[in-house]
Amino acid sequence: MAVVVTHAADLTAPKGQRRWMELVMHTALWLCAAASVFTTVGIVLILLVESLQFFGDVSIVEFLTGTTWTPHSNPPQFGILPLFCGTVLVAGGSAIIAIPLGLGAAIYLSEYASPRMRDILKPILEILAGIPSVVFGYLAIVFVSPIVRTIFPSADIFNALNASIVVAIMILPMIVSLSEDTLRSVPRSLREGAYALGATKLDVTIGVILPAALSGIMASFILAIARAVGETMAVALAAGKRPQMTLNPLDSIQTMTAYIVETSKGDNPQGTLGYQTIFAVGLTLFLLTLALNVLAQWILKRMREQYE
Amino acid sequence: GCGRTNVVSIDGSSTVFLLSAAIAEEFNAVNPDVKVVVSQAGTGGGFKKFAAGEIHICDASRPITEAEAAACKKNGIEFIKLEVAFDGLAVVVNPANDWCDSITTEQLKTIWRAEAATSVMKWSDVNPDWPDVELELYGPGTDSGTYDYFTEVINGEAKSSRQDYSPSESDNALVQGVTGDKGSLGYFGLGYYAANTDKLKLLPVDSGDGPVAPTAETVRDGSYKPLARPLYVYVRKDALENPGVVKYLRYYLDETNKVSPQVGYVPVTDEIMKQNVETLDAAAPQAVAAK
Amino acid sequence: MSSLPRNGRPYAKLASQLFAYACAACAFSSVAILGLLMWQMLSFAWGWLDWQFLTSFDSQLSPHKAGVKAALVGSLYLIGLTTLFAVPIGVGAAVYLEEYAQRSRWRGIVQTNIANLAGVPSIVYGILGLGLFVRGMQMGAGVLAGALTLTLVVLPIVILASQEALRAVPNTIRQASYALGATRWQTVWHQLLPAALPGIMTGVILALSRALGEAAPLVAIGAAGFVMFTPQGLNDSFTALPLQIYNWTENANDDFRIHVAAAGIIVLLALLICLNATAVYLRYRFSKRIHW
Amino acid sequence: MMTEASPPARNTRLVTPRLNTVADMRPADDFLERPQKVVATNVNFYYGSHQALHDISLRMPQNCVTALIGPSGCGKSTFLRCLNRMNDMIEGTRVEGTILLEDIDIYRPRTDVVELRKRVGMVFQKSNPFPKSIYENVAYGPRVAGVKQRSILDGIVEQSLRRSALWEEVSDRLDQSALRLSGGQQQRLCIARALATDPDVLLMDEPASALDPKSTARIEDLIFELKDTYTIVIVTHNMQQAARVSDQTAFFYEGRLVEAGATTDLFTKPRQKQTEEYITGRFG
Amino acid sequence: MMTEASPPARNTRLVTPRLNTVADMRPADDFLERPQKVVATNVNFYYGSHQALHDISLRMPQNCVTALIGPSGCGKSTFLRCLNRMNDMIEGTRVEGTILLEDIDIYRPRTDVVELRKRVGMVFQKSNPFPKSIYENVAYGPRVAGVKQRSILDGIVEQSLRRSALWEEVSDRLDQSALRLSGGQQQRLCIARALATDPDVLLMDEPASALDPKSTARIEDLIFELKDTYTIVIVTHNMQQAARVSDQTAFFYEGRLVEAGATTDLFTKPRQKQTEEYITGRFG
C-alpha cells in the first residue's frame, strides 16, 4: 500500500495546524456554551443594577405591599400589587380555561384518537402554537371583546377576560403536548390490568392513568402558567392599561408584562424613576417565572426518577 | 444617521409626530431620494438629542425651556422655531347628559385632581345642583402628551391626576366609552370630537371669562383657554445647509394647514404662516436663491 | 364471594361515553379555533391585501395608502441577522455540551441554565437588550440591537433542538470516526453535524419562526413605530411585521385597527408558513438519505 | 392453602374430582365430555394483514386448568387475549369464528366487553399492580363494578388476598404502596385483584415466568387450589409447569393448534410429530 | 483473496509462516519468543468503582492473530478497547498497568490518542458505516490524516477495498451510499476503512457475530490473509471461529485472564479447569 498517511513513530502529537484547530474549536465551542451563562448573568445584572437604584428611592416594602401603581402621576406611587393582581387574574383565568380543555384534548389524543386522527390533530396544535402573540392580541380586540361584551354588557372594552381567553388558546398546545407525552408514557400494562377487571374507559382514565401521570401533568400545567405569566403582546393589547386591584375578570387591568410594554413605548430617559420601574417590574416577573419553571423541572425530575 | 445629506432626522413630541409623520409621508411620495426619519421620544427627550446635535429637527408641543436653550447654546447649536399647528382638547359628555352644558376649569380640577379619587364619585360631588349620577371618566393614557398637557394646565402639575379612570391610547375606545354611559365624561384631542359630533356632547370651558366652545377660531386666537396650545418644530440652523432638510421644511409649511385637520389639529392663520416662511427664508438664504 | 352487583353502576357506560365525547370536543376545539381565526383574518383582510400593500410604507394619512414594505424588509433583516448570530452560537453550544463537556458540575449548571432560559418571558430579554445593547453599548434601537436581542430569545431553542439532534446520532458513528484517528473536531465536523443536520435545521426554523413573530422584545428595546424607509445600515431604525401589526391594532381608526392589521397578519402568517414549509422540505430532503 | 373462609362452590358449577395425580386423569375423549365453559370454534385472528391464528378450535371445560404451550410467537397470548376480547384494544385487529362463554357468543355485537371482562379475569406475564395501595389495588375491580360500602369492600379484599395466599404477608400493611412488594408478591396481588371481581374464568399469561422458583411454586400451588372454583386457562413456556398444573394441554405452532388433549396423554403419547419434538426439547 | 496489487510486506516486520493447519502450530512457549507488537502488563480497568479487568498481562506477537474468548461480560471488549484507548471516551473510567505498542507506553501522558488510533485500527461488532458514499467511507481516515490529493485518495480507496475483498463487488458504484450494502459487505467496508489509515494493529470486536455463515467465512478468510501484514486481535464468542482463525487464544473469565497460549494448545490441552469447561460448552 502506498504509504501516504504518515504516522508519528513515538505516538506524540504532530506539531502544527491540527493541534491549533482543536484548541481553537474547543475554546470557541466553550464560549458558545458559556454564552448561555453570560445571558443569565446579563439578565440578572442588568435587572439588579437598575432595580437597586430604584429601590434606593422607593422602599422595597412599599413596592411589594403597596396597592396603588401610578408611577407616572404626581406624586408617583409604586405598589406593584395591582400589576401582580392583573397578572394573576389573566394567568389564572387562562389556566381555568385552558387546563380542562387541554387535559381533555390530551386524554382524547392519548386514549381515544386513532393514529390517523392524531396525525391530523397534532399538526393543527403545532400551528396554533406557532401563531405569534400579537395576532392573538388582534383577535382579542376584534373578535373576542365584542362577544364578551354581548354576553356581559357591563364588561369594559378592554378587560381581563379577553386576555384570558386568547392566552388560554396560546397555552393550550403546550398543555396538550406535554400532558399527552406523560399520559402515553404510562405503561400499557397498567391500562390492560384495569380493563381486564371490567373497568370502563372512564374508570381506567380517571382511576388509573391520570393518577399515574399526575406529576407530569402538573408540571405541564405549571409550565403553561409560567408561559401565561410571561405572555406579553396579546395581554398588552387586550387587557387594558389600568393597574387596579380587582378580581373581576370583566374589569380593565394591567399586567406586569403589559406595563413594561406600555412604559417602553413612552419617553423615559435613562436614570429616571420611570425608566427604572421597567427593570424593577422586569425583575419581579423574571423571578416569578423562574420560580415556576424551576418548580416544574423539579417535579419532572422527580417523576423520571420514580419511573426508573 | 445625521451625516448623510439625503437623510432628515426628526425626533421629539409625540403630539407633533402625527403631523410631521403625515407630512413626511406625503413628502416621501414626491421626493423619494430624501429619507425622513421621524421618531417620538417626547418633547423633553427630543430637546436633549437636539442639544446634543443628534437630530436636525425637534418636534415640540411646548416652547423650548430656558435650560434647554442654554444647553443648545453651550453646544453651539443655533435654531429657528416654526409654529405649525394648534392642538385643542375637547371635554365631552354623553348626549343624554341634560344637566351640564358647560364646565369651569375649577370644576374640571375638582373632578381630575389626584385627591378626587376618593371623594368625587358622583356628578353631585362636583356641583350639588347636578344629579346623583355615577361619574365615569375616560381619558388618554399616562404616556401621551395630551395627558401631560391636560394635567399640567388643569391640575397645575404635569402627570398629577386621579388614576381611577379608564385610560386608552386609542381615542376610538374613549369615544365608545363616553357614548356607552350616561354619566360619563372624557377628554381627548379635538380632532376626534370632530369626527364623532353626533355621538358626543361637547362642553364649552369657562376659565373665568365665560364659557367658550372649542372651534378652529377660538383655538387659534387663544380664547379657548387653557385647553389649546400651539405646536412647534425647532430646526438647527446648520442643518439648513442640507438641501434635504430645506426641501422638507418648505414642503412642511406648504402642506401643514391642509394636513392638520386630517390628523385632528387646527391649522395656523395665514399671518403665522407668512411669519414662518420669512423665518425660514432668512435662515436659509441659499435655498431662497434656489427657489 | 357473590356480593358483587352484576350491574352496580347502571350509568357507568353512559358516563364513559359522554366523557369520550367531551374529550373529543376539547381536542377538536383547537381545530375550530384555528379555522375561525383563519376565516376571520381572511375576511377582514379581503380587499386590503394587494400588491400596493406589499410595496408601500406605513401611512399616517390614510389606511388605504398603508403598506408593509418597511416592516417586511425589517423582518427579513432581523431574521437574517438572527440566523447569523443564533445558529453558530446555538449549534456550537450544543456541540460543546454533547461532545466536549465532561459530565461535570459545570455541564449540569449550563444545562439547567439553558432549560430555565427557555422559560424566561421574551419581554425580559427585551429589557436585557435595552439595558445591554441599546443603552449599555450605545447601539441605539437599530436593526443590530433588535437582532441581537432576538438572538438571545431564540438561543435556548436552538441549543436544545441541536442537542437533541446530536444525541440522535448513533454512538457507533462516533466510535468509528475516533477509531480511525479523527480528532474531536473532525468527528463533529465531518460526521456528527451532517448526520444531525435535519434535526438541527428543524430546530433552527422553529426558532426563527419564533423570532419572526416576537414583538415584545422589540417594543422593549424601543424600536421605532413609524418608519418610512428600509434599513440601510446596521444601526438604522427599523420596524418589523409583528411590531407594525401591534401599532395598527392600537390605532384609533377602525380601518387600520381591523383591516390593515388583518392584512399585515396575513403577510406575517404567510411568511411563517413559507419558513415552515422550507423546514419540512429540507427535512425531507436530508433525512431521505439517512436510515440508521 | 385453602382457607376456611372460601365460599361453597356455586350451584351452577359441576363439582369435578381433583386431578392431582397422573392416575386420576381420564383419557382425552372422556375429557371432552365434561361440561364446557369456554368453547372456541374455527377462530382466525389477524393483526392487520398478518394472520396470527389459523382456525383454532378448542374446548375449555369447567373447573379445569387448560395449558397453552408452544414456541415463542406461535399465538398463545393472542388466543388467550381473544377470550376476554383484550385484543379489541389493538388497532387494526380482526377476529373470525365463534367463542362461546356458556353458550353466549362473546363476539356478537350485543356483548358488552366490560361485563365480559368482569366474568373473565386475567393475570399478566409481568405483574402490573396499579401505583396505589395494596388495598386499593384489590378493591379496584369491585369499585368499578359499583360496590361503595366500605365493609363489603373490606370483606372482598380480605377474601381475595386469602385466596391468593397473600393475606398473611400483607394484612398489616394494606395501605402501603403495592409497588413496594416483591415480584412474587406483586404477581399474587394481581391474582387477588383478578379474583376480587369474582370471575368465572381466569386467564393467565405466563404468570410465573418473571419469578424465582420459590415464588413460582407458590403460584402453581395457588392455581391448583383455585381450579375448584374457577375455570383456568394458562399460557406457559415451561413444559414442566404445564405438566404439573394443567388438566388439559393445547400445543400451538405457528398460529395453528397442532394438538390438544388431557395433559397426561399429550405428554406421554403425543399424536403429532411436531408435538413430540417440542416436548422433548428438540426445537423451540 | 490477495490481489496482485498488494504491496510487499514491510521490512520492519518479521514474516511468520502461515499457520493454517493444526500441525503448523508451535507449542506455546516457542510462541511467546516471537517479536512482540503489543504487550499488556498488569492491566486493571475500572468503570467508576466497578473493576472490569483484574491484572491482565498478555503479549500479542507481530503478524499473529490473537483471539480473546470468554463468557459474556467477562471483559473481552473492555480489554480490546484499552488497546486503542477507546475507553477514554467513557466517562469515569480508569486504567492501571502498562500497555506497550512497540516499546512505547500508550498511556503515558505524552501519547496522542489520535496518533495511536491511526496505528491501531478497529472494527466493531455491528458494522457502522458512515451515512456517506462507499468512497467517502474508505477515504475518511486518510482525509482526516491530511491527505487531500484526489489521485492518492483514489489509490488508497482501491487498495483498501481490494484487501478487504470488496473491490470487485463495489468498484462500479463507489458513489453509492454505504448504507445500501448488505450486512456482510458493510462489515468488509468497515475493515477496508480501517485498513485505509494503514495501521499496524487491527482490533476486531466480534466482527462476524451479526453476519450469516457465508459472510462469516468470507471475513475469516480475510483475517487469515491480513495477518501477513497486520497484527490482529479479535474478540469472538464463537470458539470454532477462534480455533479457525487465531494463532494465540486468551480465555477471559470474570475480568481475569484465566489462560493464554497457542490456539492449538489451548483447545487441545487446556491447563485450567475453567478453560476446559468453557471450551467444551459446559457453561457460558
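Note that the chains take the letters A, B, C, D and E in the order they are written out, and that residue 1 is the start of every chain.
Note that a contact is a pair of C-beta atoms (placed from the backbone, for glycine too) under 8 Å apart; a residue touches a chain by one contact, two chains touch by 3 or more.
As the structure is a prediction and not an experimental result, all values here were calculated from the model.
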Study note, to complete from the structure: Contacts shared by chain A with chain B include exactly C
Exercise for review: State the pair of chains with the top count of C-beta pairs in contact.
Suggested key: A-C
Study note, to complete from the structure: Farthest CA centroid from chain A: chain E
Practice item. Measure off the straight-line distance from the CA centroid of chain B to the CA centroid of chain C, and report it in whole Å. Key: 40
Study note, to complete from the structure: Note: chain E sits from chain C at a C-alpha centroid distance in Å of 49
Study note, to complete from the structure: Distance in whole angstrom between the CA centres of chain D and chain E is 52
Exercise for review: Just give me the whole-number Å value for how far the CA centre of chain B lies from that of chain E.
Suggested key: 87
Practice item. Indicate the residues of chain C shared as contacts by at least two other chains. Key: 12-13, 183, 225, 250, 257
Check your understanding: Can you list the residues of chain A that touch 2 or more other chains?
Key -> 18, 200, 203, 265
Revision key, fill the gap. So chain E residues touching two or more other chains come to 114-115, 118, 141, 145, 197
Point to revise | Interchain contacts (touch definition) - all pairs | key: A-B, A-C, A-D, A-E, B-C, C-D, C-E
Check your understanding: Across the complex, what residues on chain A touch chain D?
Key -> 114-115, 187, 189-200, 203, 207-208, 211-212
Exercise for review: Under the touch definition given earlier, write down the residues of chain A that touch chain B in their complex.
Suggested key: 68, 70, 72-75, 156-158, 240-244, 252, 262-263, 265-267, 269
Practice item. Provide the residue numbers of chain A that touch chain E in the complex, in ascending order. Key: 1-8, 10-14, 18
Check your understanding: In their shared complex, at which residues does chain C touch chain B?
Key -> 57, 59-61, 65, 224-229, 232-233, 235-237, 250-254, 257
Check your understanding: Any idea which chain B residues touch chain C in the complex?
Key -> 1, 17-18, 21-22, 24-26, 28, 35-40, 169-173, 192, 259, 262-263
